[in-house]
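Below are two complexes that have chain A in common, paired first with chain B and then with chain C.
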Partner chain A sequence: MRVSLRDVEIRRGEWTLSAAGVFGEGRHLVTGPVGSGKSTLALLLAGIIAPERGTVVREGSGPLFLSLPFPEHHTTGATVGEEIASWGVAEAPVLAASDLAGMSLEPLFRLSRGELKRFHLACVLARRWELLLLDEPYTALDCSGRDALSTRLSAPPAATTVIFTHARESLPRVDRLWEIREGRLVDLGPVADAIPLWSSPPAYIRIALEEGAAPANISVEDVREALCRTDG
Partner chain B sequence: MIRVEGLSHGPLEIPALVIPDGETAVIGPNGAGKTTLLRILSGITLPLHGSVRVDGIPPREQEVGWVGEYPDRNFLFDRVRDEIASSLRFRHLPCGEVDGRVREVAETLGIARLLDRSVMALSGGEKVLVALAAALASRPRLLLLDEVDSHLDADTALLSEAALRRAGCPAVVRVTGRMESALAAPHLLFLREGKVLHQGPPEAVFTALSGTAFLPPLWGCRR
Partner chain C sequence: MQDGRLKILSATVLSVAAFLSIAGAVAALAWWLLFTPRVRGIRNPRAVLFFLAILCVTAVVLQVTAGGGLSYLFRMTVVVLVAAWYHGARKSGELLEVAVSFFGNRTGFDLGLLAEMAARSLDLLLEDVGMMEIAWKMKGTPRRLKTLTPALTLLLHRQMQQSGEQASLLALRGYTGGGSLCPAFPFPRRDLPAACSVLLAAAIALAIPL
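== the complex of A and B ==
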């Protein structure tokens, strides 16, 4: 699915966000400071809110999904098994992917927040989407969980994937970078060219750039490879 | 200094532990018992077995500050100024003193401009800064932070870390999922399955964690 934003403006009192650009097929990363409007933009792309000005055009059909930062906002089942059934997906692979093998009867709210997040994402990623919007998918995950998610999101089960995050320790390989700066969504372009234009990259990327490395993508593996290579 | 002895509570088994003054970062997998340990150190939870002393005094008798991962779930007042002032007003300090302290702590954290806003209208990061200010208002001996940085962007996290250091709380124990941020703390605790497996300066702890996912992104790959 392709989503075009044409001269969009959203207003909330004094606060405004303007956006223009096309989210085509592929993997997109949208970053920006806290309160800059990442979640608002996610709601806009999902069609849940409408802009005060401009238009949002979705081309293509098929299922779209917006994953919210708090996994408890998505739960409908009482147990792990019921929740998986509500997604209409096979149970065993989701249990395995979320490290919950044999825990189908476990009440959902006995899971820790990290376990619930990992489980929610496993349910989402067990299906195929035309447009998949992930708002802060890394929240509450531990280091192992974040690395596993980055690997999974480097090949997501969606034609168009947009990841909105302030995560700074682990990121997936993406095709295009976007950044919200002072109330405006900026399209930084294809990833390799966009990395040096990123005004607030994660520290591991900033350090690599300062040391003269040119990573091909934004995953920790790509950056380590670029940095260790320049180390000789 | 915090002294833990014979602690046994749910998954936690800590025979003896001394946490020095200054800043300590607690790291470890989901479910390791990090939050449980923090709740016990704060006095929110009383341990089933064992004792905790903060400068020789039980946590509930000590001046302790706490900020959780979702600070807005604990906000009591709508206006930022009232939320920060709450702990001081509850002990009936004179109004002038309360107002002065609220302004001072808000300025230290860089949120003086938010004082007359509604807490519900703030962004996630701003809410964290307000909760930090509210916790620091009473000048705690010990401040406990439970993954407070997990909803902050890089700049806001650095800002709040710097503000925290300026605030000069004698002991800060913070759970973090960000190894880069743990690297900045002089003392680290690594928990797994309820036990303290490693503790010490970050270099020593991360060296012991080689080969795990619990390392700063560029660990071992810097000039």
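== the complex of A and C ==
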């Protein structure tokens, strides 16, 4: 699915967000500080809210999904097994992906915040979406959970995936970078060209750039490889 | 209305006036129409509609069984409108300031802090319900009691966890009771007619007990 934002503007009192650009097939990363408008943009792309000005055009058909930051909002089952059934996906792979093997009968409220988030993402990623919007997918995950999610999201998607995050410790490989700067969505372009234009990259990328490295992508592995090339 | 103390006193007096008599309810409704942004000032119209729906059911039952349902519906609708105005007009931290102003830095601070946390929890709960509706729409889940119950259980559990975390945070920061706050309340001249009209509404409610 392809989503075009044509001179869109959203207003909330004094606060405004303007956006223009096309989210085509592939993986997109939208970054920006807390409160910059990432969640609002996600709601806009999902068609939950309408802009005050401009238009949002979705081309293509098929299911779209917006994963909200708090996994509690998505739950409709009382137990782990019931929740998996509510997503219409196979139980075993989800349990394995979320490290909950053998816990099908466990009540959801017994899971920690991190476990619930990991479980929710496993349910979401077990289904096929044409447009997948992940709003702050790294929230509540520990280091290993974040790394595992980055690896999972780095796999070539069969659809358009847009990740909205302010996370800076671990990021997946993406195709295009976007940044919200002072109330405006800026399309930085294809990832390799976009990295030097990124105004607030994560520390590991900033250090690599200062060292003269030119990473091909934004995952920790890509940056490490670029640094090795520089050293070599 | 800018003064937090006047706001809460007005909401209390107008609610009592509206509940006491139809005349008081008419006066309170007139006040709501004249001195508030009316429907625009309601922060959560759906919650107001929900309460009004419950009132309608209660009024029908009352009318059929004992009579007086219409009077009850009108008076309680005005009470809900006044409450909705206060909910929309209240600023963050205002309850703490008002409580300290009324009851001092020991009891007042504790009561105010409790009220602030309760109000914040209510706001969060309303936000949560809104987000749940979005999430369910995305998931294609129909609204049924069977799906609503586990979701609300989880939200309640989350609220309790947050309360525990908040309590730990307060304890870590050395809170044992009471505090120090010097509240200041602006009172622009344009708030004077609104404040005086509250007293008028109360007088009408007491003078015409119908």
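By our rule, the second predicted complex is superposed on the first by the 229 of 232 C-alpha atoms of A that agree within 3 Å, B and C clash if a C-alpha of one lies under 4 Å from a C-alpha of the other, contacts with A are read in each partner's own complex, and residues count from 1 in each chain.
Just so it is clear, a residue touches a chain if its C-beta (ideal position, glycine included) is under 8 Å from a C-beta of that chain, and two chains touch if they have at least 3 such contacts.
Note that this is a predicted model, so its numbers are computed, not measured.
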Fit or clash - chain C, chain B, common chain A: clash
Between chain B and chain C, more extensive residue contact with chain A: B
Partner chain in contact with A:109 - chain B first, chain C second, else both or neither: second
Partner chain in contact with A:87 - chain B first, chain C second, else both or neither: second
Touching partner for A:169 - first (chain B), second (chain C), both, neither: first
Partner chain in contact with A:211 - chain B first, chain C second, else both or neither: first
Partner chain in contact with A:122 - chain B first, chain C second, else both or neither: neither
Which of chain B and chain C A:77 touches, first, second, both or neither: second
Touching partner for A:68 - first (chain B), second (chain C), both, neither: second
Chain B versus chain C as contact partner of A:46, first or second or both or neither: second
From 78-86, 150-158, 168-176 or 204-212, the chain B stretch with C-alpha clashes against chain C: 78-86
Of all residues in chain B, those that touch chain A in their complex: 28-31, 69, 122-126, 147, 150-157, 177-180, 212-218, 221-223
In the complex, chain A residues that touch chain B: 31-35, 69, 112-115, 118, 136, 139-147, 166, 168-170, 200, 202-204, 207-208, 211, 220, 223-224, 227-228, 231
Footprint of chain A on chain C - complex, ascending: 128, 131-132, 134-139, 141, 147, 149-151, 153-155, 157-158
Contacting residues of chain A [partner chain C, same complex]: 43, 46, 48, 64-66, 68, 70, 72-78, 82, 86-87, 108-109
